[in-house]
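We just call them A, B and C in the order they show up, numbering each chain from 1.
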């Protein structure tokens, strides 16, 4: 048999994602050159704004690898932010215990969802939809008004939120007033990238990570090969909600507030980012690097819309949904063609 | 080495609600032997395997395995694996999205000192395994890029690497072409030399004679016999598998022969469907009962599915009552006057939660269209009519059909088609899993409808049945129609036609 | 079979019990609960209120029942499609960019039909994705779940559009001279149409057949894809009608709030109605009873001080309990427990 050089399908998908992102960013640079789009800070700002989303998407990718989905993430973030805002902003509790509490909430949330999906074998969509409404409702139960965290109520958190990590000066530019603007990132970005790194290692180099791929590829085969499918699925949902809580903390560092309307539609952006990043809805295929670029892509769409200034923010929502729709249809057509070829 | 017993199963009985799948079945496997396990549908082959590998518990009997003290009972495939029994199923139980190397090592990946997966070692080991078995693959590529044949061999390689003593191959060659089959056989012979005992479940006669040492035949859950390949001519093997089922009733065909008209009701020329049935010609006359015979997997069901447009024909033409019929979906065939009783009533026939009445009137309703609903009174009338005519045993016409016994369920499906007064009715294994009395009822009904002018195709694994009802037989082998028998149809002529090849 | 067994076996039994339970709780808390009076020529009372406000949910439940029965999947876009229909209707009636008007740019019937039409278009979109492209229903409807509201907002130029034209309010409130709230009348009409169609055609039978055994249905001549597609279109139309009613209540199109959380209510209604979320046989009457039960629960919660934003917590828990109990894993565990208990009881009785 002749040995042909086979390009792995996962590499192809990654290239498509990166290409799409680069193309969009380039378009932005061209159209909005006068608005300073091409500055490095724009790129960095996308990462700063989406640090929380990056963590969420890592978790979403894991769940989607097992062939499931988690639409509770947006509401969980809202609930986490509200807990932090009320706890630190209103009640004045100290930072570290609150952060630990929020992470614990994420763990428990994930355990309940994971148990229902993995062991009771209920459809992930129904379980996480109930989770979504539960968390959204709980946010209102905790407090119906918008609550802010200010410097007075919690100086430490405030300081973290405003911390800047400056990049080398030569990457900066001089503005029209003659001042040197140095590009910066916030620590949240570092944390988000660390999360990506950790999940990357888990997915590639641990048994748990590989078992998620196996379960998504063929549940029946995974069972026959001796993998504990139920446990793997449950752990995936625990991981998703836990990462979502980390994302919630980062998100709160960004918004410094909690409100009932927060993070509405975030689950859609997370799913879209994952799918654009090359994760198959049917499971078994996907990786966090692609998902990271997926977030950058959806983030670019948002930035393109806001830079325009004249377009309503709804357009970003619609564009993301349209992109997701296209990718889903492409995935489905691809699968149908493969089936027919067999 | 051949005479060292590796595995014995004795007096195995397994009862499911309503059916005895295994009745004192047995098998003996020796080291370094390739042992064929054969039998038609319902013979119990797959049940026996599942009992051995722990998928089902068994009700009676004993299993002994070399190296295991005392009787062996496997509670799960994993346990069976630990005891040295590996199974490779027809639906390859590997993950298509993972690489070849990973599929070989899932669950037992080589690890680095820190506990992470050691990809380099895994890939190296995988490469070595493939080379040892003379399989040419790139182990880092995803499994789905390789053909089914290669995937099966990789599944076998995994089993072998986990040091199995007994390897069970369940219908491994059904989807392989000749080239791939010979590669598989090479691998099997290689394993045989290493002392692995192989149980080869198959229905391909030719292949059995090429590579197997012994054959065990099951029929209706019972053990028929164990034979060595050298001493077992083909026709005898077919006879053992299909056998003479109970039946000492005399011929039920009407005296003076069947009333066959001259009109050709269905005429198919060159019909085929990619992957299932090669181009064939087929004709039925009015009032004729044509049988389609051949072993399981020979393409009997595929041929009628193609005629009925359940699998849309991709080549050829079909004429119904003289007019060209371009059927794109079953509804077109139904409207032209066809009916189809599928061989798997559970997945293709019954709408389980619906009532007997609803199941009976459904095809007629579909033919009439969504707007011309059958009034409830008419539905009740039809249901009662057929419950009586076919002696369907049901608490009422509004009982969910899932609660009926197998035979009665089958009668409901038959009633469904009779409602539509088809000119051409296809019966695919209508008597499978049905008690003897009902079987004879069905056979008599077939002749009755034929005498009333209906053209019928009758498919059955039991040659006896077909001989009693059919006036002509089509013979299928390995996906194509290979011949016809008309005139005097006898058991020996049919079996010879099925067995084919050179008589040994 | 004893009378008790006969009654409990009936498919409407469980939904009725739930409804009665909720109503009883209300009765205990506020003795005047069942009082109905006529003030100013119209019916008043808590019961009337439940029937009135539950109209949208009941209308949605009709479509959702069919979707769940035929495909074992749920249409989660219905709330957002309600909003989109409302926005489209108001945009037509007020003219694009106009945010408040007391004269109509187009005849009222055009607006209303336009809104319903948009609902149908959404149904076509969902139906195509699910039946033709074989995409999971959940994922397919997730797209409109987000996009529909955003599109509605755009149609209304990012504002709330007010239609201060008296007759427009009739649909969501009262037609002059008629004591019954109009939404109730609309609901009755929708249910009546559904009942007639299901009875007079074989659609109900086909839907159940496709839902129970898709393969067998196709083999006996049913066009499975078409039936599945139709159910999603109907669900979209129902969402459109419900959206117009909701909009007429507040004579405006508030993109962010119309239909909010209604998809949960619709699915809950179907589940409470005794329908299996796994598809197959369905019971439309049960879903309707379920819809009013949900509304009763919402009203009860409101009376207890739980706001509409907080109510989803309770409903989410109820959904989880219902699906957990319906799951085959739980059922098996439960029957095994019952079996062993019975066996122990027998042993104890025998010894």
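To be clear about the criterion, a residue touches a chain if its C-beta (ideal position, glycine included) is under 8 Å from a C-beta of that chain, and two chains touch if they have at least 3 such contacts.
Source: prediction; values computed, not measured.
Between subunit A and subunit B, the least number of touch steps comes to 1.
The chain pair B-C and the chain pair A-C differ in C-beta contact count, and the higher one is A-C. One finds 48 Å separating the Cα centroids of subunit A and subunit B. We define each chain's centre as the mean of its Cα atoms; on that basis subunit B and subunit C are separated by 45 Å.
Separating the CA-averaged centres of subunit A and subunit C is a span of 32 Å.
Contacts from subunit A toward subunit C in the complex involve residues 69, 71, 116, 119-123, 125-127, 129-134, 136-141, 144, 260, 265, 268, 271, 281, 312, 314-315, 317-318, 320-322, 324-325, 328-329, 332-333, 336. Against subunit A, in their complex, subunit B makes its touches with residues 77-78, 81, 91-98, 102, 106-107, 109, 115-117, 119, 136, 138, 140-142, 145.
Listing the residues of subunit A that touch subunit B in their complex gives 1, 3, 6, 8-9, 201, 204-207, 210-211, 213-214, 216-218, 220-222, 224-227, 284-285.
Those residues of subunit C that touch subunit A in the complex are listed here as 74, 76, 129, 133-136, 138-140, 142-147, 150-151, 153-154, 158, 261, 264, 267, 277, 307, 309-317, 319-320, 323-324, 327-330. The touching residues of subunit C, counted against subunit B in their complex, run 200-203, 205-206, 208-209, 212-213, 215-223, 280-281.
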